Amino acid sequence: MVTSEPTHAIEIRGLQKAFGFTQALAGTDLLVRPGESRALLGRNGAGKSTLIAMLTGLVKPDAGIIRIQGADGQVHEGSGADSIACVYQKSTLVNDLTVAENISLGAYPRKKWGAVDWQGIRSTAVEQLTEWGYGHIADRPVGDLEPLEKKIVEICRALSRGPRILLLDEPTAGLDEGGSHELFAQINSLRQRGVTVIYVSHHLEEIFKVCDSVTILRDGKDVLTAPTSELTVDKIVNVMAGVTDEEASAQSRAKEEQARLVQRREPGEVVLEVTNASVGHRVLGVDLLVRAGECVGLTGLDGAGHIQLAQAIAGQLRLDGGTMVHKGKPLGTGNEIDAINAGVGFVPEDRHVNGYVPEMSVEENATLSIVDRLRSAGGLINAKKRRRLFNELSGTWAIKCDGPTQAVEELSGGNQQKVVLARALASRPDTLVLVHPTAGVDMTAKESIYESLQSLRDSGKSLLIVSADDNDLAICDRVVVMYKGTIHAELAAGYEEWELVGAVQGAEEAAA
Amino acid sequence: MTTQTPTLAGAPHKGRAARAGSRIRSSSWARELALVPAIALAMIVGAILSPQFLTANNILNNILVTSAVLGIVVVAESIILISGYFDLSLESVVGLAPMLAVWLVLPAASGGSGWGFSVWAALAVMFLLSIVVGLINGTLVAKLKLNAFIVTLAMLILMRGLTMGLSGGQTLSGLPPEFLALGSTRWFGISIQIWLFALILIAAAVFMRSHPVGRKLYAMGGNNAAAAAAGIKTTRLTIGVFVAGAIIAAFAGLMLTGRIASVTASQGDGLIFTVFAAAVIGGISLNGGKGSMIGALCGVLLLGIIQNILVLSQVPSFWIEAIYGLIILGALIFNYLAGSKQSRRVV
Amino acid sequence: MTTQTPTLAGAPHKGRAARAGSRIRSSSWARELALVPAIALAMIVGAILSPQFLTANNILNNILVTSAVLGIVVVAESIILISGYFDLSLESVVGLAPMLAVWLVLPAASGGSGWGFSVWAALAVMFLLSIVVGLINGTLVAKLKLNAFIVTLAMLILMRGLTMGLSGGQTLSGLPPEFLALGSTRWFGISIQIWLFALILIAAAVFMRSHPVGRKLYAMGGNNAAAAAAGIKTTRLTIGVFVAGAIIAAFAGLMLTGRIASVTASQGDGLIFTVFAAAVIGGISLNGGKGSMIGALCGVLLLGIIQNILVLSQVPSFWIEAIYGLIILGALIFNYLAGSKQSRRVV
Amino acid sequence: GSSTSADGEPTVGFSAGVLDNPFTAGLVKSVVNQANEGGLNMLPASNAEGDPAKQVTDFNTLITQGVKGIVTIPRDSDAIVPAIQAANQANIPVVTVDTAANGGDVYMNIRADNVAMGTSVCEQIGELVGGKGTVLELHGALSTTSGFDRNKGFHDCMQSKYPDVTIIAKDTNWESAKAVEQAQTVLSTSPVDAVFLASDSVMLSGVQTVLQDQGKWVPAGQSGHLPLVTIDGSSGSLQGIRDGYVDAVVSQPVDLYGKYGVSYLKDAIAGKEYQVGPTDHNSEIVEYEGNLADMLPSPVITKDNVDDESLWGNQQ
């Protein structure tokens, strides 16, 4: 405890942390005034999540000072003060417990004799969730929720603690537009009440909506701290990547040049044809066509059915009605293996659930769907072949890791996502179904992912990008909007943003 | 934001809200009582096979009394399993704890230490030993992050060895009346063993269901990282859970000693398999975070009933084990077929 | 890396990447050979305690021959554990399979069936039995999604019972020479048991490390859902893994029978505990997806060496077990202190 | 190797199949005491923990240590044969105690006949119930030789001599708790006229509580007495005979096992040879499975001879 008048809600000096040979943080400073809302930015693997986890005490620093101003106004040495609430990048929910209990987890209201007050738990949960329009999920086990619902529960838990300091690590990854709106509204009202916020995101436009100032991390050091008003998205991206503005504009000129040289081919014959597809009460008789060399966007609000449709195409869900034809052959339903064999690649919605095998190496995860094709003459895996293939993939997706044999779970969130993308592509599918493909991926890497996807399309592959992210949809040739289980609108490339927003909300004029 | 008609806080699901108390916890009654069909079937079969099966005497004195010690150890193991760990060494506590207590009390001529401990002093030492065992297990698992299976297996071997060393392989009998009372006392005509089992089971059930610490154990077992992230002191709870388990097991060992009026060097050996069987059949997950005491009770009862039917029946000794295995396998499949084949929700 | 030297996207970490391949990621070997310090320590202690310890005779005939059967069952169990499952019934296959084979061959006068099966026909039936056992276990686990622990426990009880029923509790001896050969043959002065163990171990190690199916098993054990999403046929592989485990265990049972020149009704009883101990000490995770055959071998060797030292030493018989437990506990702690204490990423 | 100790006594080994029951524990202590008093340097007994294969290894390890002779309680009569053969190859004499070996060259099998014990019990019980009625037999694990043989002797004799007696045979796996459970259930649900415990040192005190509970713990001669016959002869069972609760006990010659086990081993090292015929200690050496066996008597103890000093149960 320090006696002097606290001037910082968070005071971090010279923070260091190494994992094995990876220096995640290399002497970072961070000073945040009470009531300030600070954006913490940086490329994938810059050390943002590590810093957040150190503030809450989940990761112990190797060196450096952390001081946090507690609820009592006193300054606490070290991490993990009670006045902090956090939404981590990765889910920290207990699947077997209900939503309500997860929201009160570890801080249960009590009745007489110290018994847990179930009614209190429930009303706290319903109250929080109702703000988001999710009051009805309070009694469900978290394991039954969809990723978006989980994210909301996670945010509700942090908010329900009445924190003085709120840490948000990519809270909007996986949220839809409505969810993001609600989040920003709540953050802004907390700011007015003097809550200190640390906000991590790769959606830089959000920074300007909710943050006073920005700190940029690069390779574990803070390289820039400035008020938001003095910055632009381009400036931030350049600092994150560590290039000067001149270098950056030279690069983008070169890219534009390249883009002009590449000839866009016209979409070819129909590759994927979905007719009258139904899945439960979510997808109600949908028709969808995807052509060779075409990139189709698919979007909608939560519950619109777009994600279920994508999962059905990838064999993750069984169709209750309708047919799917891929390359002229009927596609089996509810069988992911059939889908892969038929040439449909898939990037799942929640990478932690079925995206990767945590303790397996980056290289093996990336090539998991094609192990059978890596055999040498003796029937055993040809490690050289695998390494060559991985190097190709990791180049394409700019995966930052210590080496091909590092375990995927040790990677930063964005890099894990890139591994999942690499895996989907490894099987060289004719059709790629990607759900939230760039969730948690930084701006620069996103650009290169878009480039890769576009070049795939140009080489004649069909892409179906399921996303709520405007940037993801912007690379599509057309965007199909679902609403309440049916297709509501279809927008050709070059649509105005308001058109998309309207269509997603089910506005009639957009459908016209 | 969803597009359905907006609803006000608290209002949207009145019907559901009323049931909240029971529905809000993960372990719904349906899951807790999943074994009831299998138990019912077993009881019908028992009643058909033997006229003595459905007598009060058989149910109270044979099935329940026999299940009491097992049931208490199952309670201890279930708490540990729900918390996400494993404790094999409980079976050796069932052996070592009463052996130590009796050894301290008995004169050298009867194979004891001859130190003339009073019964209460011996019991104090015995519970102290259980606490130490729990502390060692818990610390190695929680602080050193060693695997619970292998730590408690080593502990099991160590304690079984201590029992053997202490007793020199002998059975100690001629126990003081305080020990025997745990086996032979009756309240309202029902053996104290049943009362104690009921007491411990109900206490554990209430604790796990409604005490904040119980809920934290569920959270810890369900997702240790998430529990830690929510500010739950997982290290301390882990150690606590191993200590509690060892104390309960020591008590169960004492009850077993009271019942067989002696302590043998092999007391408890092999018990842990049955304990796991009962717990897992009763719906306690080996991966932690799932299951309830009521479920565990059902598991204990089902095994107890099957055992009892086998004893009452005329199956030849040589084949009894095979039939037992077959019945358990059958019960599992029957329960699968009878139960709602609840799949995880997909949409 | 500092802020003064800006780096370009795509090439930001050249310096780190360069060290990567060779140094950092040697951790897989480091993990496989984690037990080597403990083994070395045990060997030094053994050499000090007994002049006979380091003789070729002791190492080959006492330590290795004893470890062979255990080691083969550990290989089988490790494959199943790596795939994310559990098989307790392997120990009963070690008992039932050779009992069945011998029973089919022997005349009624020696306690056999008197059906006069030829050795090869009996072996065929035996392996068929193992396949059926594996199929049942695998199907119940993979298709009905029943818990592997409880399914294989029921199977264990059933098969132990069948062994008892078949043999009527008697030991069968007077085996045909084909059976005995598995125990007594020597190649280059070294028992065939060691050769067979080496062969199976190497085959399993290569298979798990480099065969596509082996890698799929690792993926399945590490994250079943992700494996399925990557197009791995998890149901089929699960069943296959249980069948393979049972076949290997049956073979180990045959070797054990060759070694003791008879089949006892209790053959294999209690073996599974030691199997798990060796596998887990050797770094095989009970949660699946982790561990290697080399690690498992180290676990088997460490246990074998400790056992051997205890018999060679002058520890009083009644305290041997306690010392054994203490040593395992000590080895775990020593290994923790000697090894790298990496914790998993939680958020 | 260390074939002799510092003071020139020959080093000998002892391989036990199990240690965790009172009977073998007593036997091991008896053998080790006798050996060390009798001029042998006996290594601590190795414990195979019930695993015949470990016993083979234990033998090999003893051979590695260069012992001059081995006393063994085989875990299994057949499965011990490879171990004995290994000792034969190393020219180390072997004496088996309690359980005989079914092959190899054994200097002497010292044993009491477990089948005969079962037969003795059958005869006692047959008398007690007058040749008809129901008997509860709590037998040991049938996968152990003693469990199997006692059960066999009892059943074979009952079948031939008292065909009207019904046997309810229940397995206890040599566990006290299991014995109590079985006794509790059977005695409370079926009419039983007599009880046979295959091991009183394991089962008696537990079964006593069950009988007390059900008002059947009544001394002989009073109404409600339930005839009780046991094998082993622990001090508790002898006291039971004195007090009238136990009708007869077949006592195992534990002390004799220790005494003659050691003396035969010394004779073997000295090179003495034995022949079939009566011995100087009231027993008979017979030919058994190709080797010699000294069949020690297992006396039936009743009220008449319960105070015999030589009984092991009276020696504690």
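Note that the chains take the letters A, B, C and D in the order they are written out, and that residue 1 is the start of every chain.
Assume a residue touches a chain if its C-beta (ideal position, glycine included) is under 8 Å from a C-beta of that chain, and two chains touch if they have at least 3 such contacts.
Treat the numbers as computed from the prediction; the structure is a model and nothing was measured.
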Chain pair showing more contacts of the two, B-D and A-B: A-B
Between chain C and chain B, distance of the C-alpha-averaged centres to the nearest whole Å: 29
Whole-Å gap separating chain B and chain D, where each centre is the average of the chain's CA atoms: 36
Separation of chain A from chain B, taking each centre as the mean of its C-alpha atoms, in whole Å: 43
Length of the line joining the C-alpha centres of chain A and chain D, rounded to whole Å: 72
Per-residue overlap in chain A, given as positions that touch at least 2 other chains: 58, 88, 92, 316
Interface hub residues of chain B, defined as touching at least two other chains: 164, 168-169, 225, 228-229, 318, 320
Sites on chain D at which at least two other chains make contact: 19, 25, 28, 142
Complete list of chain pairs which touch one another: A-B, A-C, B-C, B-D, C-D
Chain D contact footprint on chain B (complex, rising order): 50, 52, 55, 57-58, 61-62, 65-66, 69, 109, 164, 167-171, 173-174, 180, 183-184, 256, 259-262, 264-267, 269-270, 307-308, 311-312, 316-318, 320
Complex contacts: residues of chain A adjacent to chain B: 56, 58, 80, 82, 86, 88, 91-98, 100-101, 105-108, 110, 114-116, 118-119, 121-123, 126-127, 130, 132-136, 138-139, 141, 143-144, 157, 178-179, 181-182, 279-282, 301-303, 308, 316-318, 483-484, 505-506
Residue ranges of chain D in contact with chain C within the complex: 1, 16, 19, 25, 28, 43-47, 49-54, 56-58, 60-62, 64-66, 76-79, 81-82, 102-103, 141-144, 147-148
Chain A contact footprint on chain B (complex, rising order): 1-4, 6-10, 12-13, 16-17, 20-21, 23-26, 210-212, 214-216, 218-219, 222-223, 225-232, 289-290, 344-347
Chain B-touching residues of chain D, taken from the complex the two chains share: 19-22, 24-26, 28-29, 139, 142, 169-171, 174-177, 179-182, 184-186, 188-190, 201-202, 205-206, 208-209, 212-213, 236, 316
